[in-house]
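Presented sequentially are two complexes of subunit A, the first with subunit B as partner and the second with subunit C.
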Partner chain A sequence: MEQVLKKKKHSRINKNHYGYIFTAPFIIGFLLFSLYPLVYTFYLSLTDMTLMSKSYKFIGLANFKKLFEDRFFIQSFLNTWKIWLINFIPQLGIAMLLAVWFTSTRLKIKFVGFWRTIYYLPNILMPATIAVLFFNLFSYYGPVNQIGVRIGLFKDAIDFFRSSTWTVGIVAFIQWWMWFGTTLIIIMAGMTSISPSFYESAMVDGANSWQMFTKITLPLLRPVLVYILVTSLVGGMQMFDIPYMLTDGRGSPNGSIMTMNILMYMKFSSNKGHIGAAASVGVMIFLVTCISALIIIKLLKEKESKREIKSINRGVKAYELHG
Partner chain B sequence: MNYTVKTKIMRAFIYFILVILLLMCVVPLWILLVNATRSTPEIQQGVSLLPSKNLLVNWRNLTNRGFNIWRGFFNSALISVLVTVITVYFSMMFAYAIHVYDFASKKFLYSFIILLVMVPTQVAIIGFYKYMSILNLLNSYIPLIVPAIAAPSSIFFAIQYLESTIVKELIEAARIDGCSELTIFHKIMLPIAKPGAVTMGIFAFVGSWNNFFTPFVLISKMEKYTLPMLVQTLRGDVYRTEYGSIYLGLAVSIIPILIVYILFSRYIVNGIAMGSVKE
Partner chain C sequence: MKKLISMLLVLLLTVSVFSGCGKTEEQANSNQTGEKVLKIWSFTDEIKTMAVAYRGKHPDVKIEYTMIPMTNGEYQTKLKSALQSGEAPDIIALEASFVREFIESDYLEDLSDLLPLAQELRTYQFTIDMATYDGQVKAYSYQATPGAMFYRRSLAKKYFGTDDPEKIQELVSDMKKFEEAAKIVKEKSKGNTYMVASVGDFTNLFFANREKPWVVDGKLYIDPKVDELFEIAKSFRQNGYEAQANQWQEGWFAGMNDSLVDAKGNPKQVFSYFLPTWGLPYVLMPNSSPKEVKVEGSDKTKKVGKDTSGDWACIRGPMPYQWGGTWIAVVKGTKNLELAKDFVKFATLDEENLKNWALGVYTNEYLKKIDPNIGDKLSQGPGDFVSSQKVVEEIVDKFDDASTSKFLAGQNSYRSFAEAAPYISLKLLQGTDDAIQRALNDPLNNYVSGKATKEQAIKQFKEAVKNTLPDLIVE
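Up next, the complex of A and B:
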């Protein structure tokens, strides 16, 4: 038996250099099309390059200094966070609630597959189509006003896209609408991979469903929640399609839906084509996203290790008392 | 008794919420499809959930004004199909290497992929644009297609999927029979991994089909516009009051995806769960 195992291992070893050959296309592609453009963007952010002029010079951190004095940048930063939070919190809440309902053995909800399929549907549609569709649905003479006025929801037709509050709300709603199904499916996958024996023994101990949710489901779901939080954050910080196409492409009204990515595009597509300034916005988005993601991961991990230490301490103490 | 009554009330309430969410997902799309068949005066008069007879007129109005939908379709289909093939093939190859071979940087590559899934990529678009303009590749589809070789989220999915699919004994047996490593990958691995490849392919296709930002920055020639770029022009002044035509243009852009979804929704819904971190 041992000999056979050894032989097997041997026949595999001499093929192992294929590991490098098979991963080489990815590595080359990554270096050429992902890493190099990123590094180049960092480099460009330190120059005053424009699309119009052939020559450019190295200007250090001047672009960044300008950005921090630019109230449009500050505004776009706040807008991006605002829209992301307004859509993400209800998205997570509703997805969590639905996931609990769908996996509950007491409620026995039927057609779970059907509901999930419908709720995921908005996510595969083209954002361009969704933006133009909602622009028409919420336009002054559009269906939302027609229905709203007829059933007496609002007294007069509302000019949604002239009100900052409404426009921000609509963008956040669209983002929520597009993503709550995905979040639901991921959370459900996480919940169903929790062993039922945890719940059974908790039930024996007389725990109610709220206790089981907070003491078993949430802690065991933490890695899934970190994943959802981080991927949603990465997407949210780069938000472009919906706010760009919903109004005039400059975040109107009053720049209320001008996200950081829209600002980057505005600098890039301006008359002079400020490549350097646009690149500096890209670098800022990159840094903001990475730092926030790291903080999230760190915070949620630290809690875990602290709790572990506590329980270990408790265990040690119990042992000492016992001994 | 009390307990079951409570459960029943709770259940009724939940179904009520589920139906409301369903209507929120479906009604906007239904209005979109119905309005594509109605005339502008009809649309302005009020909402209807039943189709009308203005489809052909809307179509003529839509295509008369330089909205070359077939061209957009062809461009998007060409890019998306090539992206799908490249993504699936190279992601599977990478995942296969991670699972089958023991090599030094294997662990590093695996954690690196997980890291890349969480890194924002669109922000490098300015550098990418300048780089492509130096290579004279603006208004070309190459920058939209070739980078699909390195698609971290697809690779992540492939690694998760192959973990339970690879049969090492089969690979060993093929080696003893004298198959080359590439032949084993092509003739044994890919056929076994077909269901996973289909799921990955759907995601790659939909992602590329819906992608607006990258082509929007890189492509400026009207005849090279992809479908999302064409759809975006529907918001402009050309169609200001032709609501029926606008809705029709939108409907045409989502119908292929709706068909794909009706056919493959099971693959798609199961695929999302597999492509995410569970532990």
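Up next, the complex of A and C:
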């Protein structure tokens, strides 16, 4: 009897042990490739390390002091927010509208899966391809000018990539075009997880579509919206590939599409490769992203109920399945 | 049994995490197994041609060639981080715009012992000056790249009544005259022919003729030539003497085969291009023939543009300049020092190789015989201007009826370059030039298009320089 008990105890301990082993790959990967670089970046931001010399020294907060005196940092900060907001607001609006239409039991739109795939497709394309495509479309002798002038849309050819407004607009458009499909899928996942019985009883009570949307859909969708907002913010603050490849890689014209990440890369790839200065930009991006994400979560999470937590989980799962 | 399976799974997962690290170890091992491996990084396929030719002489050497484009500085950045982490190749190619950064660093091997060979070949001094720092020569070049101005003969006849290179040279012998000629071209063509494709075409000329370098005693120095550039560029933009077709973009190439069409559908022509030695065989000649374009909605193709070969001429232009050039250097600490040095010697200081290079011996068939796996594109056409004055003098006559000369209606461009090359000086060149000149792009454009006054543009320029070069004093 005693022996049997011992054996049972032994095997239970062993099974607990497996848990650690199975999570080990992720933990090791996280420590090695996520946490260590993060801590190391903080350390680097306090040094004057460059790529071209082997020695470096600790210089305290001098990098940050320089950064805040630099007009370009402030500009890149504002640029990043501007481009993100210009693309995010219509992105959310249009994705929401389409999601309502697609899930609506009254409209009964056909081939929902097909449309959803079509809208998602731009996201599969390489950013490099998209940047080159749009660069050629909007170049001075490109098709947009050729067609636009001939059908009388504008009087003379526009030099799109020498105009700050146009270039910002094009970048925001590309970002919107690439990402509204993803947002649409997550919102739809959130909407289909809302029980139809709510809508049925609302209809019995004589509610119209708008009332159902504001009183049922939106409140129950809040956790999903928090998720979209935060992930999009994190992605938006790190915007790099499209603005980098669209023009000269320095945010031309006039630094109008120079995002914080581009500034960081510029410092890193400058003639001496100022790693320290680049790391200080990286630290600022990290802080900005963290603080704004925390604020968003705090603002939107307060009224959350248990059921909503469930549906956010479902939303996340659906996103993982699709993405 | 279950235990065993789960243990295996765990092992597999852990192994897969580290699989990324394993690869380099394997490669390192193969280095030691007899066959010598030479790792080369470059930003074009030119050195690859050289490498294949080198293999023809040394079949026991295996070459690992990596090409990384340098359009937005990707190559330089990748190279710097590789050098920093000690995973650099044995041999690296360096382009004129950033060669000084690397020469002034301590990452390159001293190659001064090859200097007697260079003297024997009478290698153009500026190519050696460019690669010398602290008395050490750290790289050699196989080319010299004096610049020239290429213009369309038929258009010259139409607007100036002659296509004779000497007379046209007379008409554009300085920047003021060049501007006047641009005015004539515009007026006589009713605005349908532009003097140049873009303002960017002639910025190089102004940079090459500065009196002082960009950085003097650690401070940014703005030469009076920059001021001149601002004025001329503004005049070209405001008066419509340039097509606003930026270098390396579609419109720029379209001008070469007369397929440039403005937004209203009017055909436009470009009178001249500023290109150096390599610009003729690599840029102008390949783009001067009609291009096949797919007709929308069917499988048929149509030809766009026309064949402009034979309609070009080459002159010195308003100011002497040089553009580009590739240097080859050996990375310090390489395990294959002797082999790497031998490759540099072969590529840049070998009479036979330089002759083969310039005369177009390295055709695709020739290279395929050495290595059948190189594909159908790799080859080196005739006409590249090499760095050895001795070789140049020996082969210059052979270009009298080469394809380049036919392209220029019988004019031997090689001879004109041979005359210009000894006078090139690169003493002004510094490691920071590329960054500073890139920083000038936007401010210059703002001034030229009237969006900023000159004071504002200079201020923007200074701020941009301060941003890219934090160590520099900008007043």
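The rule is short, and it goes like this: the second predicted complex is superposed on the first by the 288 of 323 C-alpha atoms of A that agree within 3 Å, B and C clash if a C-alpha of one lies under 4 Å from a C-alpha of the other, contacts with A are read in each partner's own complex, and residues count from 1 in each chain.
Going forward, a contact is a pair of C-beta atoms (placed from the backbone, for glycine too) under 8 Å apart; a residue touches a chain by one contact, two chains touch by 3 or more.
These figures come from a predicted structure and were not determined experimentally.
With subunit A as the common reference for superposition, the partners subunit B and subunit C occupy clashing space.
In the superposed model, A:268 makes contact with both subunit B and subunit C. Of the two partner chains, neither subunit B nor subunit C is touched by A:89.
Of the two partner chains placed by the overlay, neither subunit B nor subunit C lies in contact with A:291. By the document's definition of touching, of the two partners only subunit C reaches A:157; subunit B does not.
In the superposed model, A:129 makes contact with subunit B only, not with subunit C. Taking subunit B and subunit C in turn and counting the residues of subunit A each one touches, the greater count comes from B. By the document's definition of touching, of the two partners only subunit B reaches A:230; subunit C does not. Shared-chain residue A:36: touches subunit B; no touch with subunit C. When the two complexes are overlaid on their common chain A, residue A:146 makes contact with subunit B and with subunit C alike.
Applying the stated contact rule after C-alpha superposition, one finds that A:22 touches each of subunit B and subunit C. Common to the subunit B and subunit C contact sets on subunit A are residues 18, 21-22, 25, 28-29, 136, 141, 146, 150, 245, 268. The touching residues of subunit B, counted against subunit A in their complex, run 7, 10-11, 14-15, 18, 21-22, 24-26, 28-29, 31-32, 44, 46-47, 90-91, 93-94, 96-98, 100-103, 106, 109, 116-131, 143, 146-147, 149-150, 155, 172, 175-176, 181, 185, 206, 209-210, 212-213, 217, 227-229, 231-232, 234-235, 243, 246-247, 250, 253-254, 257, 260-261, 265-266, 268-269, 272-274, 276-279. Residues of subunit A that touch subunit B in their complex: 8, 11-13, 15-23, 25-30, 33-34, 36-44, 49, 94, 98, 101, 106-109, 113, 115-122, 124-129, 131-137, 141, 143, 146-147, 150, 177, 181-182, 185-186, 188-190, 193, 223-224, 226-228, 230-231, 234, 237-238, 240-241, 245, 261, 264-265, 268, 275, 278-279, 282-283, 285-286, 289-290, 293. Contact residues of subunit A toward subunit C in the complex are 18, 21-22, 24-25, 28-29, 51-54, 66, 70-72, 136, 139-142, 145-146, 148-150, 156-157, 159, 162, 244-245, 248-250, 252-255, 266-274, 277.
Those residues of subunit C that touch subunit A in the complex are listed here as 6, 10, 13-14, 16-17, 72-73, 76-77, 80-81, 83-84, 98, 101, 105-107, 244-246, 249-251, 254, 260-265, 431-432, 434-435, 438, 441-442, 445-446, 449, 460, 463-464, 466-471.
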